[in-house]
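Comments concern the structure below.
The letters A, B, C and D name the chains in turn, as written, and every chain counts its residues from 1.
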């Protein structure tokens, strides 16, 4: 009975291929083709494999043809905790609408739910990935789209050995858009990725970084939300990044920050909101980077700039109710801090030009102490330090001599207009 | 013991009628009520109350304790012409002052926050604050009695005690800061931790702060302190430190008092 | 002030007895790398440096430890000891001078230079068989990192 | 046997020797007045007997029991300090209750009688702060007398009292003596000493210079009035 069905299907497939049209192969538990593997075998470049509802356990599916793999009716592909689930090695592959669960794990290999290796023009869209070691993994890829996927990792508090949600390595022209990632090590990971765009994703509750970004030049990331990740977002060793319209929220913890800028040159941080992070932005070894028109709201430190960062511009930002506005470990200020709005500013504007008449000194003594010597953090909320701070404010001798905003704004910058 | 209780209850009757102390209680109560009303964020309320607890409460306890001791001196002498031991008279006086002041602190802080204490999520935090405040009250009353017994001269005694308060509440942190700067080349975490834990005011501050979100601002150093205080050894050190700070001055005061010419 | 002076020898004593040539444990997921600031996550690549005065620096990767020394983070004469993770036995620290190194693109380290370390010859050989690459001494690792990160190390420090 | 025996009593505060070897016996049924110029050691002597001051050397026995170590002997003593100082916010009533509970008796009748005698019943429920110095002195006298102690130690007992109360107190003291109680007092008012004392002890610079009955004193000095007699003795003593 079954053999007959397969035979009929084969005839059908043969007829279609002879006709020279791209054909569609259906897979479902009750269909003539019950296995996705078989369907891939049967397909040719340009074909479509439609996977209907059901659970498929087939080891690793290797997609080495330029086909579309479309899920309809929520098919689940199970890696059984042992296999890499889908590996794509051909160009022009589309994977859409699949639910991929329980990939294998390894100490040495990066096993993923969907891995793309050395392929161009791939589209990974609208999939659900649950409890995979790595979720979506692109290596040596070009011109790919990773869009609207929902990804939840296996992260258990205290467990270190989980991989990243969307991991992209050595790639060019990639679009990562509209994805939701949680429960992985890093939500989104970029290493050696160039000319790419990360847009409108939400990455939260990942145990290390919401976004981790290294050696990836000329990329943009806009309108993303990074919330409650272990250490926040790290952007490192990169030139010409544009970071716009993102929200960095509630990245709170002893060594956490909203955004770490480590060795970032010629980049732009604009129109972002930093809300309730231990540190809004931590700048280490940055040059010629513009921090403009951002809101820093209720962070521990809005901005920590280390002395090895030069020629950066911090302009027209709103600093609203942060415990400390700026921290630095230097008496000098090799960066331009100007025309920001500081909610703690108490100066007047007698000539009514919208700019305060006396400069604002955003570095409090405690911040300076801690940056120079982390041990002094035990003096948090110490009355002695408060007294020193008042002394420092009235007669600056130790710090803040050159760290000042000479043109503090009297009103909030309304950059949303 | 019986005599101590009689003396204690009579003395508390005397303390209850001191208007000044009710002013202290009302200020605490209004303060914590006002903090709560204005901010609504319990973290900030606790932080504000912590500053009051670390500075004002010890100052007032110390100042009141020693003044009350000096003012009661003649009556103490009179009591000692009655068939009662010095130990009992000492405990009667000391316990009445320290218990009453602790009670005022406890009520002053906890009455306005009663609702928050009932809500479980903040209970332990407020309890910790109150425990710190009560410990500091006991400690500074015990210091007040010690200094009062040491120094016959009221002016000298009061200034000595205020000096001790100034050191513990304020200047000790300056010493820590100096040590941090002088020895910045060395790994100082443990030394700084030890220097902090020997001062009860710092200890109280850290205990409360580490349970607040602001603790994250202490970064990795904060994590080191928190790990230590959370450990069995840390808890032991805290308990011993606080107990010693209360018991040693009080015991010393008692020993001196028993041998003193009045 | 005098009491402070009395404290000094005590403090020095406390400080000096700290300096033992044993590594401090790394708190994975919490501690940050002293060179690249990343949170140290992978017990297979971490490194550590202790100064003669007892100050400890932790690193997320061997290349960061090398980079830290190359950029003059600590003077050579101040170094008490350096350790790296044994890739074959995660969580085990070995002295840099006792370690053998492998640079292989198939063993991907946190900072992209793909250096791993081994305490035993057999582990090294097995890794080399499995993943290929170049076997190096610590000195060669330093040269390799210096070469790879030339512009970064020279321009920043 | 003497009620209070003092042998070789010495007391110094640092280098300052206040009592320099005093031997003294105080007997029951007698009023003994300790006299002397200011800073002669009178109050220190009383404080030694009461246990407030710890002697540097020598010993004191009250009714045969050594002073120091135990406080029980003070049950037999009623004491009136020179200037009473009671907690400001307590009432005399509460004060008397406290002392009663310490002494484990509440002599209600005697308290009533003494309150009647000194006319202080109306003040019993007022706070000490509102009482005049004289009233406080009367409360102090009441507490000293109420427990019917065998030994009365009175430091300047009539200072601050009005003439009526003063004479009532003196009558009371004499009555107690006649009952066979021991009375030890200090006073600067010689007429009072003359009225009360059976025996005079003169202290000068911590040394007992004279110890005899009032009659003897007058005979020895050839003065007829005590005040003159004491003055003469003191001048000689100091000279």
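Definition applied: a residue touches a chain if its C-beta (ideal position, glycine included) is under 8 Å from a C-beta of that chain, and two chains touch if they have at least 3 such contacts.
Since the model is a prediction, treat every value here as computed from it, not as a measurement.
Enquirer: What chain sits nearest the middle when you go by CA atom centres?
Expert: B
Enquirer: With contacts counted as defined, which of the two, B-C or A-B, has more C-beta pairs across the interface?
Expert: Higher C-beta contact count between the two pairs: A-B.
Enquirer: Which integer distance in Å separates the CA centroid of chain A from that of chain B?
Expert: A distance of 48 Å separates the two centres.
Enquirer: Counting in whole Å, what is the centre-to-centre distance of chain A and chain C, each centre being its mean C-alpha position?
Expert: 28
Enquirer: Using Cα averages as centroids, what's the distance between chain A and chain D in whole Å?
Expert: So the centre of chain A lies 91 Å away from the centre of chain D.
Enquirer: Residue numbers in chain C touching 2 or more other chains?
Expert: As it turns out, chain C has residues touching two or more other chains at 30-32.
Enquirer: Which chain A residues sit where two or more other chains touch them?
Expert: 254-255
Enquirer: For chain D, give me the residues that contact two or more of the other chains.
Expert: As it turns out, chain D has no residue touching two or more other chains.
Enquirer: Please categorise the chain-chain contact pattern as a line, ring, star, complete graph or other.
Expert: Here the contact pattern is something else, fitting no line, ring, star or complete shape.
Enquirer: Can you tell me which positions in chain B touch chain A when the two form their complex?
Expert: Contact set of chain B toward chain A: 47, 50-51, 54-55, 169-174, 176-177, 180-181, 184, 188-189, 192-193, 196, 202, 205-206, 209, 213-223, 225.
Enquirer: Touching residues of chain B toward chain C in the complex: what are they?
Expert: The contact residues of chain B facing chain C are 175, 178-179, 182-183, 185-188, 190-191, 194, 220, 223.
Enquirer: Any idea which chain B residues touch chain D in the complex?
Expert: Where chain B meets chain D, its residues are 3, 6-7, 10-11, 13-18, 71-72, 74-75, 77-86, 259, 261-262.
Enquirer: Which residues of chain A touch chain B in the complex?
Expert: Residues 252-256, 278, 300-301, 323-324, 369-370, 372-385, 387.
Enquirer: Can you check the complex and tell me which residues of chain C touch chain A?
Expert: The touching residues are 28-32, 36-39, 41-44, 90, 107-108, 111-112, 152, 156-157.
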